[in-house]
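Let me begin by presenting the structure, written as structure tokens, before commenting on it.
Letters A, B and C mark the chains as written, and numbering starts fresh at 1 in each.
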Amino acid sequence: MSAPLLETRNLMIRFGGVIAANDVSLKIEAGRNLAIIGPNGAGKTTFLNICTGWIKPKSGQVLFEGEDITPLPPRKIVRRGVARAFQIPQLFTEHTALENLLISAAAREGMRHPLRDLSRVPEREEMMHLLEMVNCADVAHRTVDELSEGQRKLIDIAVALALRPRLLLMDEPTSGVASSQKHKIMEILIRALAEARVTSVFVEHDMGIVGDYADEVAVWNAGNVQLRGTPTEILEHPDVIRDVIGEVA
Amino acid sequence: MSIHSDAGAMSRSPAEKETRMTAGTWLAIAGLVLLAAVPIFAPSLQLLVNLALAKGLAVLGVTVLLRAGQVSFGHALYFAVAAYAGAFLLAAWPGADLLVVLLAGALGAAVSGLLVGLFVVRYRGIFFGMLNLAFSMIFWSILEKFYHVTGGADGIRLPRPSVLGMEMGRHDFELVLFWLTLALVGGLGWFTLRWLASPVGQLFRTVKTNETRLEYLGVSPRRALLSGYLLSAVLCGVGGAIMGVAQGVVTPEYAWWIRSGEMVFIAVLGGAGSVPGAFIGALIYEFVRVFASAFAGDVWQMLLGGFLLVIILFAPGGVVGLFERVTRRGAAKGEEAA
Amino acid sequence: MNLTIFLLALFDGIAYAALVFIVALGLTLIFGVMRILNVAHGSLYAIGAYATVALTGFFLSLGLAPALSFPLMLVAAILVGILLGGPIEWLLLRRIYDKPEVLQLLVTFAVFMILEDVQRLVWGTQPYFEARALQALGNVTVFGVTYTVYQLILLPAVALVLLLGLRFFLRRTILGKLITATTEDREAAQSIGIDADKVFLLTFIVGAALGGLGGALASPTTSILPGMGADMIVLSFAVVATAGLGQIEGAALTALMIGLGRSFAVYVWPEVAVLVPYLIMVLVLLVRPEGLFGSPAARKI
């Protein structure tokens, strides 16, 4: 059997007195959407930060397609095919939605046309298509500052997808969005991921979303994976109902 | 102040942008033609305009950095490095060609820009601005202290270079230098505009808004910043080399912090981040300075500082911003009338 | 290098470090509390020196004792703090706390340009000398080396008192705690009733006065002339950057390091003496980008 897409081995890190990752060993297989749930401060975001090289673990390893990427800075991990979307969208606030994507494409293509105007690069069509995929084609020429939080979240994800990653890590893709919009955003998102054939890991607080859209769920608690299973198994598990769902409700 | 926000221009439809751009191009060409006629119709202003344009090139360098949200209080360093490079070349090889002198200046600026740049691109904001200032002060001290090499406070005289192998009289040489400067203003201005709109330039500009995302696009923010820093150093260098040749002497004053401050001042005056604004600002600045020095020479910096405060607090778009605001208001009125 | 030269260099270094530290202290205090780097700090230093010379010249010409120079230095510093620092914070900086850092830097730079001309208008371009305070305290001989009491004892003593005093003030007094609370979280401080505006105004006045005091204390030891402010802002920035912005104790150590480095260079290789502070700064920052005592600020994402 080939190596898992992403694998972590015995990740350890603490911030002050808090253990944010306590011997985390996890395998992520290609082609499935894994949801990470758990109470605040359980180390979910820290896990994404370690996997993308933003934070270095005290000990332990991160392997992508079997290769050790632990010491690499985020940009080198990104170039291997791990993209990231953020809880607070990280966009170029003085650029339009389309330009944000074009810049992402330019970063991916590595300056093949150094002096061509960004608005005339050959990737324009592809990026417009991506914007359509996330239902934002109508705001392509608006500065991202002017857009709604939901649109910014989708564009943040589209910017990550523009890199053509194999793995996309998302930190609460539906947070900060009106609850009536959450399902709509996830519909769009899951469709876009399937079309681009990207494996995803997403941190999520909304159990309804997790139940509807995850193929698999990992429950975080006190810096480690407490349980892992299918959404039905997990959401009906008494510990989860007590520790996680109870808290959310 | 949003140091020049493109927000307005960007939200317009591409077609509109296109027409504006061509209109801008025609305006720029008209401006250059007008300036090219200065030696014919107003020869007394020729040297002044030449110096203003040389300074404008240096201001353009500072302007480029403003587009990444960074301000350098030490870019006179590259102005001086290039001017001294030209002076040393002419001292070692009297009658060297003008183009070679300018090239040597640009090269000197590029090399020093790379060395200092590799260090300063690790910093942003306050540190970036002040470390640049520190480097320019270091260079200024070197120029002052090592007088057996640099001529100390008296500086070095630059003999007149040749042009394409020809020895020229003063009048002819000044004409050639003027038109060459104008050509460089047009060429480098065009190049800078293209560069800022290009993928590399756009990546450079994102240093201003989101370095985290830049890193997560697989791009090193430091390298992105360095690319623009090099361009800015070379632009300052070309300006400095022209200034040295035009004035016939270079002194440590070229690297003095007031020069750097002047460049920042003009960049903000012209419209922070605007390419044509750099040259318009430099022309306005030099004219006002020459005519004001008669009665305001003692308080010149005070006026600059006061004016800078007024611009920052009340007209953050600078001259170009004011112009755009007025024309846009005019256009809106026109639409209403129609 | 024999013992005499060694001691001379050592004393030069200590005296110089004490002065630079006092100026840098004001710069780093303002930054630490307000997150603003005041480029005009160099001008406040220069004006402190000019004001001292003017005040001493006037009062001593009335036949008063030279010892009066010392309180006059304090008066000059306080005047700089209140008459210049106060309005700068109140009229200008207060408008731009929520603006980008680059803009704040430009504003203080503009103030710097204005104040440089103000000095020239008021005091002209001729250098001033006023060493009566230096002479009043006489000399002291240490291991056969004669040095002025003013530079060898008074300046380091003032620097030390300021360092310890500020430490005590910030950590042990209520007002000091209010200031540190505002530094850590302005909004939270305001929500518990701290008047952040007043805290900022006070901090800026104290910081500006420290710049002025540095100039006042420097005035008997050097000729006072235009341009001294520009040199001092870059130098004191080098000190606080090497230490780590906002690090008070660190600034004392780096001032000593830079002062000694420079004074020994004067005896060994005089041409590069002025470069030594910057070489030290660049070397330190290459290894520790946040300065010797600064800690990297991790960005939350």
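Operating definition for what follows: contacts are C-beta pairs under 8 Å (C-beta built on N, C-alpha and C of every residue); 3 or more make two chains touch, one makes a residue touch a chain.
As the structure is a prediction and not an experimental result, all values here were calculated from the model.
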Co-neighbours of subunit C and subunit A - touch as defined: B
Central chain (distance from its CA mean to the mean of all protein CA atoms): B
Of all other chains, the one whose Cα centre sits farthest from subunit B: A
Subunit A-subunit C separation of Cα centroids, rounded to whole Å: 49
Averaged-CA centre spacing for the pair subunit B and subunit A, given as whole angstrom: 42
Gap in Å, rounded to a whole number, between the CA centres of subunit C and subunit B: 33
Two or more partner chains touched - positions in subunit B: 212
Where subunit A touches two or more other chains at once, by residue number: 86, 90
Multi-chain contact residues (two or more partners), subunit C: 301
Of subunit B, residues touching subunit C in the complex: 1, 3, 66, 69-71, 73, 119, 122-127, 129-131, 133-135, 137-138, 141-142, 145-146, 212, 257-258, 261, 264, 268, 298-302, 304-306, 308-309, 312-313
Complex contact set, residues of subunit C against subunit B: 37, 39, 92, 95-96, 99-103, 105-107, 109-114, 116-118, 120-121, 230-231, 234, 237-238, 241, 245, 271-272, 274-275, 278, 281-282, 285-286, 289, 299, 301
Subunit B to subunit A touching residues, read off their complex: 2, 5-7, 10-14, 194-195, 197-200, 202-203, 205-206, 208-210, 212-220
Interface residues, subunit A side, partner subunit B - complex: 52, 73-76, 78-79, 83-84, 86, 90-96, 99, 102-104, 106-109, 111, 113-119, 121, 141-143, 145-146, 159-160, 163
